[in-house]
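Right after this note come the structures.
Here chain A shows up in two complexes: once beside chain B, once beside chain C.
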Partner chain A sequence: MTVLQASALSKRYRAVFALRDCNLAIPDGSVTGLIGPNGAGKSTLLHLAAGLRRPTTGSIRVLDGLVPGSSSALESVGFVAADAPLYRNMSVAGMLQVSRDLNPVWDGRYAVRRVDELELPLTAKVGALSGGHQAQLALTIALAKRPRLLLLDEPLARLDPLARHQFLGLLMAAVAADGISVIFSSHVLTELGRICDHLVLLSQGRVQLAGQVEEVLAGHEVLTGPADQVTSLPATLAPIRIAQAGAQVHLLVRTHRGREPEPAPAGFAVQPTVLEELVLAYLGEPAATALPGPEFAGPAGPV
Partner chain B sequence: MAIDKGQAATGSVAFRLDHGSGVPTYLQLVRQVEQALRLGLLGPGDQLPTVKETVESLAINPNTVMKAYRELEHRGLAAGRPGLGTFIKAKLQRVGGAEQAALARRLAAWMRHAAAAGLDDQSITAMFDAVLRNLHEYEDGMSA
Partner chain C sequence: MTSALTARTGALRRRIAGPRRPRLAMLRLVWRQHRGALSVLLSLSAVAIGALVLADLYDRRFPVHLWRTFLWQGYGPNYPDLAMQAIPLAAALFVGVPLIVPELEDGTANFAWTQGYGKARWALSKLAAAAAVLVPAAVVLGLVFGWWYRLYAPATGYFTMHAFALYAPALAGWTVLGLSLGMASAALARRERRAMALTLVGWVALHHYAVVGSPRTQPGALWPLQFIQLAILLAISGVLTSGVIVLIQGAPAIGGMPRLLRAVPTRAAPDAQVLARQLRRRPIMAGPRAAWRQHRAGLLIGLTVLGLYAAVLAITGLHIHAEPARLRPRYASFATLYLPGASTDGNFLLPLLLPFLIGPFAGASLTGPDLEQGTVRFAWAQGVTRSRWAAGKLAAVGCVLVAAAVATGLIFQWWDGPYLAERLADPWFGLYAPVYAGWMAVTLTAAALVGALTRTRTFAAVACLAGTLVAAAANAEFLRGHYLPTAVAVNRPAPPGSLFVNSYVRHAGALPSAIYTRVLQDFDNSTAWTGIERALTRYHATNILVYHPASQFWQLQAIESAALFALALLFGAATVWVIRRREA
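And now, the complex of A and B:
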């Protein structure tokens, strides 16, 4: 069961490739963080999955084989664009009314209860709400459509820490209660490890790293040792430099799953890595890739 | 500041997280339940907060809460009732004062040993943590 499957997916805007030859299989029930620098192709991938754009070559499918943008996909896929897609001059009540009329499936009781819990005044203009409340309203409307897959483009970008916490709390409650799958792009790394069980790292339009967070972390470790001995390390470790000061260097390296743990290379100490460190190391080295393969291994595991 | 609605509803444990502690999130939840048991705030029959309540108040992945509750079940402290939630099953075995004192004496003897061998306080603490972590990982591996 996959909620998103991409095969040799490319998207070109005139001469520029926004996505190039992407292969992905994101399993059902997962919460996936889509990470990468500006221009890496995060928004393009989400727009393709939502059916708002068409691939230049290759294919993308959602929810086990549905064509994005088809009527069955539109019914089951929710999308919240980066700029909180709300009518700013409309009241909160009007916004709910329009959403009810526009959507074949609409859980009005959920929407009203949520708006009530958020203490949003129904008569207030949407544009007068705080950024946090606008984001919460956009998420409430997306969830009231009862989607099986929710796509969020930079949902946290404009939120302060408290609003971010509440937004993610609401999102995680929907995952827990209804088992929906979520794919969201973000620059915010700190919350990532607590929220995501899957990770897709995009770099210059290509998939740099993809997989289940626990497996990705188990597949890497940090070596600390003398800088002048880096060249003597086996090439299969594919070391990425995290930090160096004088004679000492910290390297992110790949471990080999399914094999006996190997002793650290002479002169180096081994430590586990954490998600933020791993993501930053890969972002700093756009050419490095570590793909577990075209298929994600197994169902979503615990974080 | 408003009281968090998600946590007061059931049970009598309110979870909090220390993101800088380095302790895995699920283990923080497990330890807080154990702590509440030790303090008598939770007892047999009490319901733990639902997964939905917990993830909403803490903004964490539901798998993390499920992993914590599975761990509590594995330790024999809680049991899941399908469709109802997770409930406290047993009291935590309390370690008697005499036994705690005996354990502390043996640990102190080991620490004197380590200091005599040339380890400073920091190295002793690091070794203690590393051995404890390995022990847990070994047990986790056995139970997986």
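And now, the complex of A and C:
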């Protein structure tokens, strides 16, 4: 069961590749964080999954083989773009009614309850709401269509800390109650750590790191030791990032999955890494990749 | 690949990183922001200049006394004059208004105002930059016009409305006035469409009142009066520009603070329970209802205009039907009898234009704004496929407008009943239901298609307005005569109510030109023909008159409306196809 499967997926805008040769499979029931620097291709990937754009080459499927943008995919995929586009000159109630008319499945009771919780007046014009409230309304509409997959582009960017907290709580509630899968892009690393169980790191249009958060963390460790002994380390270690602090050096290295953990080299101490540190290390080294084994993202099967 | 890209962007990079070149900075900025509209206006001016030069070569072949004939037939300067006067108006609408409106709307003005340009200097230099591009073009066009018009001036005078405004000083003045009027409307309205409407109203009012001279003024006063006109127009521009500066000094741009500060309306919300129940229903009409909710404002304006026209028809029609036949007012002058103050000619020009005004704006709003503002990323992520989304909108809005056009067409048919005999000859062929509704459908779908292709509303609407008007004129002038076999009358008039197609004279010899005129004027008036026939016999000339008899009226209606609806279906299908292939 995959909610998103991409094979050899590329998207080019004129001369610039936004995504290049991505292979990706995201399992059902997961909350996936999509991370990467600006221009890494996060929005493009989400737009492709929502069916708003078409791949240049390769293929992308959602919810076990549905073509994004097809009628069955649209019915069960919710999407909120980064600027939460809504009809600004319509009232909140009008916006809900339009959404009801445009969706075969629509939970109006939920939508109204959410709007009441947010204390949005139903008669207010959408354009008169603050940016955060517009984002909340867009999310409410996306959830009220009871999607199986929810795609959110930078949903936290326009929310204040309290709203962020509530928003993530809401998201987790929806995941727990209906078992929906969520893929969202974000720059807020601490929040990601709290709610994501999967992680996709994009850099310059390529998938740099993808996998379950726990596995990814277990697959990396930090070695700390004297700086002058770095040269004596075995060449197979291939550190992703080397940070020197005085006479001490910190090395983020990949451990070898499926093998016995090797003893730490002489003079070095081994520590587990944390998500934020790992992500920053990879963002700082765009060339480093840690693609998952075939059990996670093999080439797509026949569709 | 990468190195090629770097090489290509190398020059650009150097330019961006290079030292700043403060000279003409605003001119560059204005050109960069508005080059589309500016280059269209410059090309229009160039086309007008070219057309005048070509027309001069053509016109000089005719003896002087024939110019009057041309003028009478409407081939004289009237049409080109009107077209050329549209250039400064277009400058007002498409350069003057956008000079500052998008910046105020999106809040990029807040960016501009923090870049070391004061608000006043920002506004003034934008105006000056746009004027620096357009005024030279206006001066050249005005000079060429003056040279071309020398042939017509003795017959028509220098001071008719149309000609006077096109000499170089006046045209330059109107261009500057247009820009400042557009900008002032923009500063006042702060929304693009409102500002455009305000500009249009202001333009019409100023054209009515800010004109010097009259048709009776002596020719010698031309150039003094031209410069007086220029001075007046510049003075009004100055007042408008000061108004702009006062207005924009007052408030910040919309995109920034005020939206956050603006209080959210606190009307009591409807009962949540009731609304929730409402939201649960999923009727069959869901798609059309969504389209209606989104487009009702525009649709209501269109329906109101059509309704007003129908009301005028109903009131005057009741009067006409109540009169005994012999007291019935003459066809063309009915309005003076029953609607005091209305002008006698052109009564039906406006209703004839309605499909070309309503259709393009309604059609362009179906596709343009959603693509322009990015709300398609909302709409296309809902549970309806794009093809259904596009087809549903077109069908819903199209059905309403076409039904309204059919209804008004039927009311007109009832109104026109007492004048049945003149039906085909009258110019109001296009007001009957089949053709009226057909044009409504064509303009609507064409604008939806252009809106989908160009991702714009205003441009698509205006382009379709102009394009379909030209197409309709060409159809009436060149095509309608060929839809059915024609009848021919040799040296005799056509039966009353016929549609004139063409007329030839064989062995014209020394036949006075006035006879041509009378053949055209009275082609189906048998009493007037006695004199014409006598003249033709005297000069041994043969006149061949090609016409459609009145009995072909409904056939012609059917053929034309079938063609129009087929075209509309084609445009509609193309719109759906384009939307399917569009990327958000």
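Quick note on the criterion: the second predicted complex is superposed on the first by the 290 of 303 C-alpha atoms of A that agree within 3 Å, B and C clash if a C-alpha of one lies under 4 Å from a C-alpha of the other, contacts with A are read in each partner's own complex, and residues count from 1 in each chain.
Following the convention adopted for this analysis, a contact is a pair of C-beta atoms (placed from the backbone, for glycine too) under 8 Å apart; a residue touches a chain by one contact, two chains touch by 3 or more.
Because the structure is predicted, anything quoted here is derived from the model rather than measured.
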{"item": "Which of chain B and chain C A:V188 touches, first, second, both or neither", "value": "neither"}
{"item": "Partner chain(s) touched by A:S70 [first = chain B, second = chain C, both, neither]", "value": "second"}
{"item": "Which superposed partner A:A128 touches (first chain B, second chain C, both, neither)", "value": "second"}
{"item": "Contacts of A:G169 with chain B and chain C, given as first, second, both or neither", "value": "first"}
{"item": "Which partner, chain B or chain C, touches more chain A residues", "value": "C"}
{"item": "First (chain B), second (chain C), both or neither touched by A:A177", "value": "first"}
{"item": "Contact residues common to both interfaces of chain A (with chain B and with chain C)", "value": "none"}
{"item": "Contact set on chain A toward chain C in their complex", "value": "15, 47, 50-54, 69-71, 74-75, 77-81, 83, 85-88, 90, 93-94, 96-106, 108-109, 111-113, 116, 121-125, 127-130, 138, 142, 145"}
{"item": "Of chain C, residues touching chain A in the complex", "value": "5, 259-260, 262, 264-267, 269-270, 272, 275-280, 282, 286-287, 289-290, 293-294, 373-386, 388-389, 583-584"}
{"item": "Of all residues in chain A, those that touch chain B in their complex", "value": "31, 117, 164-166, 168-170, 172-173, 175-177, 190-191, 194-197, 300-303"}
{"item": "Chain A-touching residues of chain B, taken from the complex the two chains share", "value": "5-6, 19, 25-26, 51-53, 55-67"}
